[in-house]
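Following are the structures in question.
Heads up, the next two complexes both have subunit A, just with different partners, subunit B and then subunit C.
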Partner chain A sequence: MDLEFESYGSGTYIETASGNKVSRQSVLCGSQNIILNGKSVVQSNCIIRGDLASVRIGRHCVIRKDSVIRPPFKKFARGAAFFPCMIGDHVYIGEGSVVNAAQIGSYVHIGKNCVIGKRCSLKDCCQIADNSVLPPDTVVPSFFVFGGTPAKPIGELPESTQYLMTDATKQFYKRFQAN
Partner chain B sequence: MDSWTTNDVATSARKNKSSNSWHCPSCSQSLTLGIYNTNTPVPGESEKMMARKTYFQSCGFCRWTSREVGIPDKEFSSMSWSEKLNPNQQRVNSLVEYFKFLSHKEALDKKSLAKLPPHLAVTRQMHHRYSPLKAVHSPSFGRQLKENMSLKEVTIEPAKTISLDEVEKLPEGIFTDEITITKMTGIDQRHGSPTNQPNDTSELAPYSMIAFTKRSLRCKACDHNLIKAEYNPASTKFKIHLIALKFIPEIRMNKPLKSLQAGQRTCVELSIINPTEYLIHISLSECSTEQTPPSVNSFIELSKDEIIIARLDETAEFTQSDDPLDSEIGQDNPEVILHRDGNRIVFLCHVTPNKDMKIGDRVITCLKFTHEHHENSVIVSRPQQQQQQSKSTTPHQLTQTVVMDIGAITTAE
Partner chain C sequence: MAYSTRKASENVNIHVAADSLVCESATIVGHVTIGSRTIVHPRAKIIAKDGPIIIGEGNLIEEKASIINKNPPGVDGSSPLIIGKQNVFEIGSEFEGKEMGDNNVIEAKAKVSPLTTISNGCIIGALCEVNNCEKLENRTVIYGESCTRRKMAEDPPSQQQQSDFLKKILPNYHHFIKPKMKSST
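For the complex of A and B:
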């Protein structure tokens, strides 16, 4: 099925020069450390904690409402240090998800209300089902669907996932327009 | 699985099992290295303390650690952890060896019993009798010698049997003693290491992770490799790009239907996307009664017009021209084509679900479309084709049958 058209009030979103659409109601802490590579959508009530460590988000990413992106930290003998959080291209993060992962590859689909634990590593072309919890330090391999609490492999993705995700995120961006 | 290197998986002595990645025996999540800092006295100087790190395994989810079971800590992070030994490993190994010997012997017996065709048997005899040098250097003679020599006799002791009288009797308090449930392992935990199957939590040990392998697919008709399984865990690219999405136009529903009623003619919007680099002409048709799959329970009405779809233009994202690139696309019939956007069009069709359907039944319809296929794929190149390429570039017509589930019946008649 094709994605539906979604519209927003013309004043509620900021459109940057590189085509990013960021909601005015989102909270972007430490915006100098947050890099959105282009044509990404950040919806309302999102929290991106760039004040802890740098957050790099790729092209055509979609971050839906009420989600939180927080860089992970690691405890050392002399205190804790925050790692940068790298998110690839064409990534879809569902509503209400909390992402503490250190690295998310490209073409990844994260469902609604997920909790991605600290220092997790999601490789390219994987999927996290809705309402799943990934324990810290989990590595999600490519072409797998993880789900449940704690998340375990529950399914596989086809080889065409890259094209499907590219197509879906591009279509979302095209259909997300001002009134 | 992806933190492994290619070497770790491919060259591991135990097939597909990693030597570095382990499952927690308690919750089967992956284990990480925990670091514990200790102050140990410097040898020779009892007053000074030296900071030292020891490494143990710990689970991020259930907080199980290797210390709970008594596995000693390692001094260096690169030291490898070993799996708990299978108490029956020796017996299993000797059984496997014996089985290999038996199968080898059977294969040899079959060969020797196979009769030679009569005209060759005489020639071979002549060779062996009158030209001994040739016989000795001939490959078949050498092979025969080798096979006979490699067949060593392997014997095995049959498994010991115990009579019922010798079996230990159950202790008296087995049904009346209190059980500490927290110290017993669950079924999932026991199945995690099937060789040991510990009953007590103090015997739990981590078990190594098994690699997920990538699929490899071959074409059923011509046996050509479609997807090669590669052991590079970090790569999502496939060497051969033969995904159908890139050659065959995709049909999707444009919008979900608001209501479907049995027996009522409903307007359905479908979209077609042209993934190829060529302009294509699509003609739609209904399936004949013989070709219709049995699950179809509705009647579809399609337009007889030929639909032209522009080619995929990857630069369209960056340029802002609205002019159609191809002059062949004239004015669209607004009753058929609702919307056109580059290589994608939305068209109308009408579906009438069967009258005997009830609320909640899925409405399934079927249509056929014919499109052109340009065989210019660089990957699928056979030597005959390369000669013919310059001569003919006419595309051939392919027909696809599409079976769609357009929704459930929402209102009764």
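For the complex of A and C:
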């Protein structure tokens, strides 16, 4: 699996101590509740809503432009609240996607322009095709490709997906340098 | 379209009701009236290009949602865009019609063209586009890849709990446009 490589104008991205590269044009609301575990890339015009609930993003994640990560709203027996959003390591989120999921495992590839519905749960090593819509509360099992509106299984992934995603995201981070 | 990046609080043509929450980083251009208990998230866009926009009570406008008062092709002049009560505009949705009733939901990344008007209780599903010159009947649901339609038996669930929760936590993280004191009549 190959992701397109990019570079950025120097000064347009902030590099944190743990190696995260966050665009200055992205909006991180409630940044004290957002945890980026290290070497992740957040490109321009992304919106991460840490003000609603905590958002935890793993290592070597790539969040492309115009994406929105927003914790889902859940009604409990005693009232309702926004539920924390946990994203695993080596996750790739394509351009323009809206992620409302409660939990995304590791080694997940989310395509462009997707809508991941509220409270969805994406297990490790799955893939969401471009332009798909996952209805709320969908559980996507490991090693499956989901696509369409509403998203249904459209394919399977090889057992080496974990290593493919690890390589792809690590290479992306390595090549994502300032001009 | 590039709109000025002036802060919304510098736009003197906004009338914000007393208990609504309109984030300052929302882009609000032109004559806009926002009703009480409405919540406008950061990075929402409300652009009154071809006439004023009047938004009712209890609406929820999420980030990247855009409400644009744009004339349908071939129509000139300015006319208001009226939005009723308790509507939800999810992330990335676009509403360019002239009128919307109550209790509707426009899901993520859905688009409504300038020719369409929506009555009450409708749901426009995620990534769907409505382009026809028509008035959608009450409780119409548009969903799926080919934008199939069906009717619902009841209105969409109310967002009251979410609005209440947002009223409590959003003030901790965002600045809001201060409501203007309207002279009483």
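The rule is short, and it goes like this: the second predicted complex is superposed on the first by the 170 of 179 C-alpha atoms of A that agree within 3 Å, B and C clash if a C-alpha of one lies under 4 Å from a C-alpha of the other, contacts with A are read in each partner's own complex, and residues count from 1 in each chain.
As a convention for this text, contacts are C-beta pairs under 8 Å (C-beta built on N, C-alpha and C of every residue); 3 or more make two chains touch, one makes a residue touch a chain.
Owing to the predicted nature of the structure, the values given are computational and were not obtained by experimental measurement.
K.L.:
Touch check for A:29: first (subunit B), second (subunit C), both, or neither?
P.N.:
After superposing on A, A:29 lies in contact with subunit C but is clear of subunit B.
K.L.:
If you stack the two complexes on chain A, which partner ends up touching A:82: first (subunit B), second (subunit C), both, or neither?
P.N.:
In the superposition, A:82 contacts subunit C only.
K.L.:
Of the two partner chains, subunit B (first) and subunit C (second), which one does A:162 touch, if any: first, second, both, or neither?
P.N.:
Touch partner of A:162: subunit B, not subunit C.
K.L.:
After lining up the shared chain so the two structures overlap, which partner does A:150 touch, if you call subunit B first and subunit C second: first, second, both or neither?
P.N.:
Touch status of A:150: both partners.
K.L.:
Is A:52 contacted by the first partner subunit B, the second partner subunit C, both or neither?
P.N.:
A:52 contacts subunit C only, not subunit B.
K.L.:
Please work out whether A:117 is in contact with subunit B alone, subunit C alone, both, or neither, and reply first, second, both or neither.
P.N.:
both
K.L.:
Quick check on my understanding: which residues of subunit A belong to both its subunit B contact set and its subunit C contact set?
P.N.:
117, 150
K.L.:
Under the touch definition given earlier, write down the residues of subunit C that touch subunit A in their complex.
P.N.:
Within the complex, subunit C touches subunit A at residues 25, 42-43, 62-64, 91-92, 107-109, 125-127, 143-145, 161-162, 165-166, 169-170, 172-174.
K.L.:
Within the complex, which stretch of subunit A touches subunit B?
P.N.:
Residues 1-2, 4, 77, 105, 107, 117, 121, 123-125, 135-144, 150, 152-153, 159-160, 162-164, 170.
K.L.:
Would you mind writing out the residues of subunit A in touch with subunit C in their complex?
P.N.:
For this pair, the touching residues of subunit A are 27, 29-30, 47, 49, 51-52, 68, 70, 73, 75, 79-82, 96, 98, 100, 113, 115, 117, 131, 133, 148-150.
K.L.:
Where on subunit B does subunit A make contact in their complex?
P.N.:
Subunit B residues touching subunit A: 1-3, 27-30, 32, 37, 59-61, 212, 214-215, 227, 233-236, 238, 243-246, 252-256, 271, 317.
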